[in-house]
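In what follows, structures are represented as structure tokens.
Across the two complexes that follow, subunit A remains constant while its partner is subunit B and subsequently subunit C.
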Partner chain A sequence: MFLEVERVFKSFQKEKVVKDLNFSLDPQHTLSILGKSGCGKTTMLKTISGLVKPDSGRIMLNGEDITMQKPEKRNIVYLYQEDLLFPHLNAFENIAFGLRLKKISESEIKIRVNNMIHSLELEKQALKMPNQLSGGQRQRVSFGRAIITNPSLLLLDEPFGSLDSGTRQRMQVLFKKLSAEFKITSLFVTHDLKEAVLMGDQIGYMREGMLKVYKNKTDFVNDPETGVQNEIEFWDNLKIRTGTEMSGL
Partner chain B sequence: MRLNWKTFVLSFLVILVLFPFIYMVLLSLATDWRFPDLMPNYIGLKNWKTILNSETGLLESFFQSLFISLSVGIVSTFSGFFISRSVYYHPKRKYLNLLTYFPYILAPVVFAACLSFFFIKMGLFGNIGGVIIAQFLIGFPYAMIFFSSFWNKKIRHYEDLVATLGGNRRQTFIKVLLPLAKSMLLICFFQTFLISWFEYGLTSIIGIGKVQTLTIKVFLFIKESNNYYGALSCCLLIFPPVVLLYLNKRYVFKNLV
Partner chain C sequence: MNSKTSNIGILFFILIGVIPFAAAFIYALLYSFGILGVFNDGFTLKFWESVFSSGEFLSSFGYSALIALVSTVLSVSGALWITLKFKESLDKRFLSFVMYLPLAIPGVVAGFFTFQLLSRGGFFARLSYQLGLISEARQFPDLVNDTYAIGIILAFITMVMPFFVLLFLNVYKNERLEDLGVLAQSLGAKKNQVTTKVFLPILLKKTSILIVLYFIFLLGAYEIPLILGQESPQMLSVLIIREIKQFDLSQISEGYVVAVIYTIVVSISAILLFLPKKGIAHET
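Coming up: the complex of A and B.
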């Protein structure tokens, strides 16, 4: 297994936010994690990225114990819902940011960033400042900035939460394409049922700090706790009602 | 023809604001200007030449003030920036923020009187180092209050993002935090420079007349009833703030808008 999380607990004061986190993930796979607000998803991602220290437990990445490693040494990139583009840098420099931190040569940065800009279809936006970009374009730059550093693991915390439905759909397609192109292993947190199913090779459901990872999508759909059955029922009822109204005409 | 009241009022206000400054410059260039003469008998650089070449030490005070204010401005701004970050991440930041208002509860003279015991003990009375430290005790809390609004959740997210992208603490400051705070740093520097430049009460007590900043000198001339020299030192006194105001308007606000 590429990522192994074993018996991780995290509390803030007396509140247990993450309880007995146990799961593993294969390389180049995406695990979608669904859950309501405040169920501990963000704390779980921050614990894996090293931004929050776990109270106990172990996190293994590619066979190495990274539990006590500093975030900058883990090669795990954490992406927020906000794009967090640096306002003083243009799109090109935002994407190049991680490479500059690693002191990679200027010529290589130029080649890699231009390739990334091409993959993101942002050729005409390369020299624009963040405030001149649309929401979708900003999010693409944010993705590019994360992926170009070739992270071992990408953690996405509701990355499309602030986008309109059309842009969100396009971004989902783009993420799938980039995941395949750059062989990304990722944890994708969302509260959107459809998005979780579309984006993940595996699906997990988090509730009150406990994560349950399903063997396959059928198990996930059949579990009444996930709310998928309610959703199906709703659309079925709507279909029947619409059908009756149509036949009444 | 209709009288344009707006232009009239505006012109009047401009004259009202500019008159003291024009009058001050004129006074610094004049000698022997007595009532009922409308204009002085002599207008020229005689006063300036006399005072700058004489032993009044005005030029020395000017450079001394510049050194003190630049030191206070730079140290207060940068220490305020870095320490306000630590305060923001501190669990008891509410109480720590409250403490920063303490130097402003007391009048500067009372504050200086409170500090004087410690300054005497440490041998900081009557020297430039002591004055810089005393003024820093006013400038630093100002910088702390000023930067408390800079640190927020979003800035923390930026810091976290840089860390996960592989950046260390130094890189986070140099590549992200300092560029993000550039305009605020400049404004804070200007403000703390001005606080120090015009500081009188604290400087007069801690400096005990040995450290004569330009502000102290102006008051001395005024006490001596030497209007011409008083005006001249006032001209020197307002020169750096005017330059700073110009730079502020030209570079900082231009970037903010």
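Coming up: the complex of A and C.
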């Protein structure tokens, strides 16, 4: 297994936010994680990325124990819910940020960033500042900036939450494409059932700090707690009602 | 309705802001060329020539610019350090009150306080005497009315630094620097790199206009240089007022020459500062 999380707990004062977190993930796979607001998803991601220290437990990445490692040493990139770009840098420099920290040569940075900009279809936006980009463009820059550093693990915290449905769909397709192209292993947190099913190779559901990872999508669909059955029922009822109305005409 | 309100606003701006300023500038300009003034008898360039040949204006301008620059740099640097070092503590009510307090002190009071503290007969001189560090007043270093303008610079810093701390704290919150710092760390930045590559450039870029405006404000400050400054060279405003108010009425025009040059320099700086930047693109 590429990522192994074992018995991780995290509390803030007396409140237990993450309880007995146990799961593993294969390389180049995406684990979608569903859950209501405040169920501990963000704390879980921040704990794995090293931004929050766990109270107990162990996190292994590619066979190495990274539980106590500093966040900048883990090669794990945590992507915020919003497209958080550095406001003083243009799109090109935002994408190049992680590469410049690694002191890669200027010519290589240019080649790699331009390739990424091409993959993100942002050729015309390369020199624009963040406030000159649309929501979707900013989110793409944010992706590019994270992916270009070849992170071992990408943690996405409701990355498309603020986008309209059309842009959201395009971003889902783009993420799938980039995941395959750059061989990304990721945890994808979302509120959206459909998005969880579309994006994940595996699906998990988090409730009150506890994460349940399903063996397959059928188990996930059949579990009444996930709300999938309610959703199916809703659309079926709507279909029947619409069919009745149509036949009555 | 909106356009009517905006037209009235523009009219008020012109009536209150532009016309009096333009009238005063034209008056000063005409005075500087000898067209106006009791002892003047027609257009002449002699006052302009006199100002440039005496060298007093240039040395005063250079001296003022240097003091304003040093004060601005020290205030901004100090405020950046305080903001980044104590950002959590500064959220507390008492400390934020302590930061706000100097902002409520007028320049003239700050000047007198500084004088009382730093002069040879002031608090620190007396304290040094009591502690046996000096045996007579003249052994105390020149900190007010001195060549290096230490008193002026300290008074400026006392007044300006709290403003910048509050400004930087505001930008820190509004621009979500905490989150950007975490993001930079997750992209591989060490703590000092987060400071140098994220915090400082954003804070300075977002406040650059205000920093330049404060420089211009300090360049033309009056009360503090009047109380704490030396005889020569003097800071610009003190020099201008001295020239305009002097007993020799034939020399008043020279004061207006300096005022006109100062106004032109400041106006050009302000125009350059506020020139429209590249437009913001919209969703595509």
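Heads up, the rule we're going with is that the second predicted complex is superposed on the first by the 249 of 249 C-alpha atoms of A that agree within 3 Å, B and C clash if a C-alpha of one lies under 4 Å from a C-alpha of the other, contacts with A are read in each partner's own complex, and residues count from 1 in each chain.
By our rule, a residue touches a chain if its C-beta (ideal position, glycine included) is under 8 Å from a C-beta of that chain, and two chains touch if they have at least 3 such contacts.
Keep in mind that what you see is a predicted model, and the values were worked out from it rather than measured.
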item	value
Partners on subunit A (subunit B, subunit C) - clash or fit	clash
Which of subunit B and subunit C A:Leu187 touches, first, second, both or neither	neither
Which of subunit B and subunit C A:Tyr80 touches, first, second, both or neither	both
First (subunit B), second (subunit C), both or neither touched by A:Leu156	neither
First (subunit B), second (subunit C), both or neither touched by A:Pro71	both
Touching partner for A:Lys128 - first (subunit B), second (subunit C), both, neither	second
Partner chain in contact with A:Arg145 - subunit B first, subunit C second, else both or neither	both
Those residues of subunit A which subunit B touches in one complex and subunit C touches in the other	49, 51, 71-72, 75-78, 80, 84, 86-88, 97-98, 101-102, 145-146, 149
Touching residues (chain side subunit A, partner subunit C) in the complex	49, 51, 71-72, 75-78, 80, 84, 86-88, 97-98, 101-102, 128, 131-135, 137, 145-146, 149
Of subunit A, residues touching subunit B in the complex	46, 49-51, 70-72, 74-80, 82, 84, 86-88, 97-98, 100-102, 145-146, 149, 155
Of all residues in subunit C, those that touch subunit A in their complex	175-176, 179-180, 182-190, 193, 197-198, 201-202, 205-206, 278, 280-284
Contacting residues of subunit B [partner subunit A, same complex]	154, 157-158, 160-168, 171, 175-176, 179-180, 182
